[in-house]
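Chains: A, B, C, D and E, in written order; residue numbering restarts at 1 for each.
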């Protein structure tokens, strides 16, 4: 090509630098790839070795159990409406667990967030403490708190609600404080200048700004918490998860019941998912 | 036909770590005898072991009678009972014990009308299956909520039932015990005894309100599709365990035992019928 | 009435306000001028207790308001209204509520956060808005208003406080010339009609000359000028702004003729 | 060399390009001008096979490139480089990698997706960047560059393709005047030094006049002007742009003198 | 004044509305909470709550008890930690507060309390109250210094239990047992079989550094490490493995799901899907898989794969494929077409187009989603492990449900929290490293 002759000499350093960079990058990305592949492969082998069943053998039987459920549900299709009807009261309990824990959790989370946001905190010195507190609440799996509380309070919805509420408080505490950090401080200062107290500044200056975001996150949390409360039912915390577990573990003979409960649970999850998705979409894009 | 590994399933009742620890000696013996890597699995509940056996992913397990019935009903070809644990007195049965708090005033099942009753695990023989059949014969009503009992719940396991009764979360519940020894000790073995030993309950606070007919101990089962020589080897090993290593046998059997004796499917036919009757 | 005694404020290494003292008797319109960073905002914020002073006293009717704490400090804030360059309204709330915020200090927390304003307060807010010519905006959200209207809402909030002193921190810096004039006229009216003292930080000399009874010039936190606007010669301005010979007063003027804007906007073109 | 025969493109109801035909011999610099929506982009995109034509033929050295499919069509794309108004680089990748993308068609898929470019290709990319005066930017991410630099990277990518024809769709519409000039000069240099045909959609008449050997005017998808820039009178422009008497050529000019910008910015002042 | 009456009444009406609205929400919440208060039977719960259980839990979490047991039938004595066979002191290891002299056993408790077993007679010396004498020949006979039975004694004709701040004594016909509490976790490093048992840290250090070989087969260090690792009580080796299994489930599940979801997400993204029908079907599949929780997959998969960590990993993988499919396809729908077109105009084929036009754009988004999920999946893996029978979750739930080992529960909880913290930190660090740094756009 005609232009290749130009300027080749003056840029020798540049070339070397760039070629070296390419080499280095290839090396890094090669190493990273090898490391990742090695982790995946060896991880899989360890999991395979420590598992009772074999992967290749199991994959061919993957639909055995679902097939049993479907067979039995079809064979006793007449029972299904009854099972679905019976599943409604525990379903309401599950939804109540989720709703209460979302409500209380987000309220606590809101307070935690206020206490851990610079510029808003009533006690700025304790910000670090409250941040750590949110982290810890977030890190402890719900099942841990739920099981301990079941021991003290007995089985039922309350331990689950408390466990999920605490986890929600931690999670929303972090999210909300991120929202708070983006809040405009000018209105707060405006309110401070008229002699408003801390509560007034927060309720009138901050809350109106952050409320839509809070609400959107709370809805997302509610969606997650419905699942969480269903899961905690598996360890004795009541609700529909408890019914599902009992039917499922009894196995053959009650699989039609399991199918009925499962249909109810699944429909609920999907309905709340879609609903909250629509509302959240409207909150973020709708009235802006 | 060759096997490349041997997998033993352990039923709940103790925490997973202790189960693994108590059966470690058995694992070593089996590994030596078969010459293949042997692993212990401690699923969280009865169902984990049942599914493992049904899926062909466990080769051997010690089941409860009801859990064996569950496997048999789902797939009669899956496993075969070979041994059963015998008590010191030579029997191989135990009891489902109904109990309540002493200060509740409840002394018999007839005092339980309209109150809360607690089962354990749905796959437990003494914690669900047998009482669910025998108790209605006494009360004359089904176990449905509100029919005789105000509410019937599953607590999830024997330990949870004891705590629930002691707490008052349920008014009465059922759990297992060998029925030997004294009530005040929580009998010689069983869930009550363990709770007493752990300092969780004081037997003075509890009363027995019902006792089932003797329930056969669950069988040790092996997977039917294993090669015959493998089955023979492990069966012989378990059968002789008490003679060769009593300490190990104590751990494996979770208490004092006279050893394991051979048993066959026929011993469980009644239980299987009972379980079949529980299916809807 | 107002006496400022040796007030200073230090931020880390930097002395933002350096030992200033002056005295005001009667309801004057005071302008504070000075370069960016001269300490104007810091001084006003100290008066309103938004920033704490490092040392010194500010005596109002003989009482040192810098020594007040807690509820007493907030009570003082309610007597000394502040108007900000960026209005500092609650944008998502309606105009009337924003004005009512002027009464936050004198009403209980619980009633205010549940919108339980006394009927008299609501009517008063509406009257004040009416006086400032924006009564019909009362139900709208504050963010829906133009800058000039928002600043008038801020003034309405200040009036709602029924303050002795109104502090205004560059109240017209974010406004276009027309709105700037409306806002300054309003402040002047309040000053003369109601007899409230106004202290305003101003960016431009011509505004200061036109509206103030007295002008204080700050430079690097110190008072370098204190006198009537008539004394504000170009030399005095040079002293305040620390400008060299090329200082051109027009560059700070708010009443820009069209051709001046052009210069400013054409400049970035040359950059690549 | 290039012959366009009755090429049309219909989008639903709308005929974006309506039966156009023209012929180019030799490595000319062709400008295509026309109003927004006239079909300029659609035509260039059809040439590069980014958009399929509804009917017609485009013959290049006698071969109808509209009839090509699959690998052959891609091979044609590599011979006919395209430059976009928005540069269309991969912003997160470094400049040299972006230039190397010009070789995607001639290197195997497997080696390229792992970024395993031959050393010679890398050196060539650096040389091309050097020729365009941005060699020192080679290791930077494309997004870190200014618009003018990014467009030069896009040209470098085009050169990497070693194309017969370079298509440029409003290459300077997103650039400020200085960068616009650099980019147009570069294209012109490639046109004359390397002897590659350049077809550029242009927004402004003065650019077309200054750089093109031949100008084609489109209106509503039809050719309404085809001639040398000298023929591009105000009347011809009116014909192309469909403007009425008030048409003022300056309004489309890129080289704005300062006083014109001023008008634009002073306007909002009057609004309240 | 001048504001019109219409304006005034309008504004007053508005404020009335606002007032009602600002009360409505709290009122609604209050009504709902009241409903739940009764639906969850909180009044009943308050009476059922066993705060003494909480006290046991708390004290047991930070303390352990030593059982001094006599079998009244055989007369056999044993001193063991937590009454466990595996923690029974050999006769020469017995603590000095238990003195066995033939048939007489003298047990010293704190605060001057003491217990004496003397044949069938057991006496408890409670300073400030007196000596309680229990005879267990045939039936239990209680002999008190006061006429009333104080409430720290729970007595029946078959069993007597005395619970004092200093310890616990229970007597039945078959067994006499005294419990003494000690702070701390027992045998945490060395069990009773270890030669290091009973040594102070200084002694351990000096043994390891300069001491003679305790076991001729290995050095003292490796003996120490292996003693700790194989501690039969705490089983640190198993616990470390369990933690590893939990992280492994999360790792395999998350990254496996990401690799499967990426190609599928193209089919579900509006701008890449070959047809609307395929897109619709893919979306519904993702929704379904996401809706069925990982836990249910756990149960379904445990038939096919049996207990173990791979089953858990596959359960996580399955649900996350749904979540990632949805997230990824949304990210793909937001890609900038200009970049793809730029690549396409050079004559690149489909694979190259995706590789250079799409991947560099979405990779940072995807990576950050995957890493975020990884962190949250370590928490899920704890729960899933509890069901599937693997990992730290199983150990934890079983320890809680069998209620015997609160100190282990505490230990596991601490480990789990540390693990989640560590994963949180790791994923945060990786997010910062991989997404912000590195100009290659890999």
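The rule is short, and it goes like this: a residue touches a chain if its C-beta (ideal position, glycine included) is under 8 Å from a C-beta of that chain, and two chains touch if they have at least 3 such contacts.
If you're wondering where the values come from, they're calculated on a predicted model, not measured in any experiment.
Student: Which chains are joined by the largest number of contacting C-beta pairs?
Tutor: Summing C-beta contacts for every pairing gives the maximum at A-E.
Student: Nearest chain to the global Cα centroid?
Tutor: A
Student: Among all chains, whose Cα centre is located farthest from the one for chain D?
Tutor: The chain farthest from chain D, judged by C-alpha centres, is B.
Student: With chain centres defined as mean CA positions, report which chain is farthest from chain C.
Tutor: The chain farthest from chain C, judged by C-alpha centres, is B.
Student: Please work out the Cα centroid separation of chain B and chain E, and write it as a whole number of Å.
Tutor: So the centroids are 26 Å from each other.
Student: Averaging only over C-alpha atoms, locate the centres of chain A and chain C and give their separation in whole Å.
Tutor: Chain centroid spacing, chain A to chain C, equals 47 Å.
Student: Just the number, please: Cα centre separation of chain B and chain C in whole Å.
Tutor: 82
Student: Taking the mean of the C-alpha atoms as each chain's centre, how many Å separate chain C from chain E?
Tutor: 58
Student: Show the residues in chain B shared as contacts by 2 or more other chains, in ascending order.
Tutor: Correct list: 7, 9, 41, 47, 51-52, 55, 57-58, 156, 160, 163, 167-169.
Student: If you look at chain E, which of its residues touch at least two other chains?
Tutor: In chain E, residues 48-50, 53, 299, 303-308, 386-387, 397, 401, 403, 440, 442 touch at least two other chains, as defined above.
Student: Provide the list of chain A residues touching at least two other chains, using ranges where the numbers run on.
Tutor: 25, 29, 50, 52-54, 58, 61, 64-65, 151, 154, 156, 235, 248
Student: Given the complex with chain A, which residues does chain E contribute to the contact?
Tutor: Result: residues 29, 32-33, 36, 39-42, 45, 48-51, 53-54, 57, 245, 248-249, 251-252, 255-256, 287-288, 290-293, 295-296, 299-301, 303-311, 313, 379, 382-383, 386-387, 390, 393, 396-397, 400-401, 403, 409, 413, 416-417, 420-421, 424, 440, 442 of chain E touch chain A.
Student: Okay, in this complex, where on chain A does chain B touch?
Tutor: Chain A reaches chain B through residues 50, 52-54, 57-58, 61, 64-65, 68, 76, 79, 150-151, 154-156, 235-236, 242, 246, 248-254, 256-257.
Student: Give every residue of chain A touching chain D within the complex, in rising order.
Tutor: 1-4, 6-8, 10-11, 14-15, 17-19, 21-22, 25-26, 29
Student: Which positions of chain A touch chain C when the two form their complex?
Tutor: Touch list, chain A to chain C: 184, 186-187, 189-197, 199-200, 203-205, 208-209.
Student: Per the contact definition, I'd like the list of chain D residues that touch chain A in the complex.
Tutor: 96, 115-117, 119, 122-124, 126-128, 130-131, 135-136, 138-139, 162, 193-194
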